[in-house]
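I've put the structures underneath this note.
You will see chain A twice below: alongside chain B first, and alongside chain C after that.
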Partner chain A sequence: MSIFEYNGSALVAMVGKNCFAIASDRRLGVQLQTIATDFQRISKIHDRVFLGLSGLATDAQTLYQRLVFRHKLYQLREERDMKPETFANLVSAILYEKRFGPYFCQPVIAGLGDEDKPFICTMDSIGAKELAKDFVVAGTASESLYGACESMFKEDMEPEELFETVSQALLSSVDRDCLSGWGGHVYVVTPTEVKERILKGRMD
Partner chain B sequence: MECVFGLVGNDFAVVAADTSAVHSILVHKSNEDKIMILDSHKLIAASGESGDRVQFTEYIQKNVALYQFRNGIPLTTAAAANFTRGELATALRKNPYFVNILLAGYDKETGPSLYYIDYIATLHKVDKGAFGYGSYFSLAMMDRHYHSGMTVEEAIDLVDKCIMEIRSRLVVAPPNFVIKIVDKDGAREYAWRESVKDATVASA
Partner chain C sequence: NCGSALTKMSRRYDSRTTIFSPEGRLYQVEYAMEAIGNAGSAIGILSKDGVVLVGEKKVTSKLLQTSTSTEKMYKIDDHVACAVAGIMSDANILINTARVQAQRYTYAYQEPMPVEQLVQSLCDTKQGYTQFGGLRPFGVSFLFAGWDKNYGFQLYMSDPSGNYSGWKAAAIGANNQAAQSMLKQDYKDEITREEAVQLALKVLSKTMDSTSLTSEKLELAEVFLTPSGNVKYQVCSSDSLSKLLLKFGVTQPAAETS
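After this line comes the complex of A and B, so read on.
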């Protein structure tokens, strides 16, 4: 079994009209055994940038701590929050530092940039960025997620419709993957508010 | 194989561990205490490579004590768990410790808590957790009978159910277990569950 599949994960981020949604599954496993069904994969860096980390949970936790540290330093020096594009560059640089002994994570970054324009990107474990205008996926269920998102995605969805789309894409994809699932965690972020919702799907 | 499991009750946390020290086919001793009292209100139940287990848990214990000496107040359970994870994570890519840990503690402000810490430094706060081959039986037993806010009697009854399940269903089942509990009155040994006592040495 690949080291990326040790803990199991599913992540998706989608762009809507002046908003974005980022969603993850809730399972923490050790290969075939499920340890917890309330694991948080998505973290808030600041009000307008969210980071999801799929892959090996220990590296996701280490990477998250390093990134929060770097962002706090940035806030002290610059006296403002990082733009999502800048944050994506930071993540990419930190991952490439470990080019020959990498963190086994695939991050998904989603944020609202200048003029509330939504920004999403993903990268591989050594920091190769992949910007997208519509959706990005990561984790053990990524292949199913690609298919589900491609068929369900529409341009310029309002937050409520975006939430429905992301939730359906996530739940149907994790149901085809034994290593991810046990519910979902969806954040829908608009310029004015952040709505966090927990999904109940097939609990297996 | 080593069995360690634990759960959080109403105002306490309880952990149980087997007490056999095994090398290949030889049982060195069957009254090895694998649950260390970290400080007045914390327990650390460890399983894994025996040298690493003793060295690492003693290292954590001394550092927790050092913090208390230096700062005059004890660490919270969450802080101790995060410190432990940090040490495991730092050593992971240099000289890893093959120790799995369940850290149980009681804080005045937040009550009882249990932390699952993998040997590759995956940290998660849980209500019930287990390691080893015994986990397949004890986790299933706890999934069936556990509910939040159990009394001490109910929890010990559940622990005994798990021990019986391990004894009857695991092929190399350890015969003896130790149960330790931590609550507002501190961390202490609760009971031993022995089905095989060490042979006494005849006097010369």
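After this line comes the complex of A and C, so read on.
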């Protein structure tokens, strides 16, 4: 089994009309044993930038803590929050620093940039960014997620419809992956509010 | 005569920070404190529901580009802030050092750095410049205001020697002795945050050199707990500050010229 599959994970982020959604599964496993069914894979960096980390859970935790360190100092010095594009560059740089001994994580970054324009991106474990206009996926269920998103995605969805689409894509994909699932965690972010919802899925 | 001979001899011990004078003094550290005695004053007062910091702005030209940045008050971490008196460029270095130290602690222990530990850590840095390296000490004094779950609200004062102590009320910068004695008279334990603001503004207005007191010459910041229980550091806006000055009767309007 690959090190990226050790804990199991599923992450997806999607762009809507002046909003975005970022969703993850809730399983934390140790190979085939399920350890937790309420694992948080998505973290808020600030009100308008969210980070999801798939892959090895210990590296995801450490990477997140390092990013909080850097972001807090940025906020104090610049007296403002980081833009999502800037944050993505920071994540990429930190991952590349460990080029020959990397963090076994695949991040998904989603945020609202200038003029409330939604921004999503993903990158590989050594920081190669992949910007997309529609959706990005990561984790053990990524292949199913690609298929589900490609068929279900529409441009300019309103927050409610976006939520439904992301949820259906996530649940149907994790059902085809034994290492991810046990429910879902969806954040739908508009310029005015952040809606966090838990999905009930197949608990296996 | 003997005295003047001694002072002439002691000049030889000025140039290096790392040695004592015959009288057992560190002249460079004392000279650093002299520099601060000419800088804009700052006052800190500890109350039971928060810590208040007030500073006198020395740079008040109309040509100055105003922004949201403050001149005297700086946030170190979500739960700690400081007021500065002395050489601003020295202060910037130390503030950055304190910020990094606070984040390093949080990274290691996943919780906010206790206020005294942060102050101690920064003071250890300052002390280093009085003992090794052949570098001069920092010409800055700080008033640290913060909250942690062990000791609640705290106020600390630190100086160029790297010495620090906890205070209920303290003053640094110009006329700090006058301010300190005024605080000693009027401070009472169990003072509320609003009373502390009033006392700080009153004391500062009395000890400031300037003839008129407006909100442009002052900065006011508070560290307190929100109703949801989180620590908040808030700088008072210029408008709110003007209103407060009027409310407490400490505004002295500039003399009208006909």
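The rule we apply is simple: the second predicted complex is superposed on the first by the 204 of 204 C-alpha atoms of A that agree within 3 Å, B and C clash if a C-alpha of one lies under 4 Å from a C-alpha of the other, contacts with A are read in each partner's own complex, and residues count from 1 in each chain.
In this section, contacts are C-beta pairs under 8 Å (C-beta built on N, C-alpha and C of every residue); 3 or more make two chains touch, one makes a residue touch a chain.
Remember, it's a predicted structure, so these values are computed and weren't measured experimentally.
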| item | value |
| --- | --- |
| Which superposed partner A:Ser24 touches (first chain B, second chain C, both, neither) | neither |
| Which of chain B and chain C A:Phe39 touches, first, second, both or neither | first |
| Contacts of A:Ser144 with chain B and chain C, given as first, second, both or neither | neither |
| Contacts of A:Leu76 with chain B and chain C, given as first, second, both or neither | second |
| Contacts of A:Ser167 with chain B and chain C, given as first, second, both or neither | neither |
| Which superposed partner A:Arg66 touches (first chain B, second chain C, both, neither) | second |
| Footprint overlap on chain A, where chain B in one structure and chain C in the other make contact | none |
| List of chain C residues in touch with chain A within their complex | 68-69, 75-77, 96, 99-100, 103-104, 106-107, 110 |
| Contact footprint of chain A on chain B as seen in their complex | 85, 89, 92-93, 116, 118, 120-124, 126, 129, 135-136, 139 |
| Residues of chain A touching chain C in the complex | 65-66, 68-69, 72-73, 76-77, 79 |
| Chain B-touching residues of chain A, taken from the complex the two chains share | 7, 28, 30, 33, 35-36, 39, 56-58, 61-62, 101 |
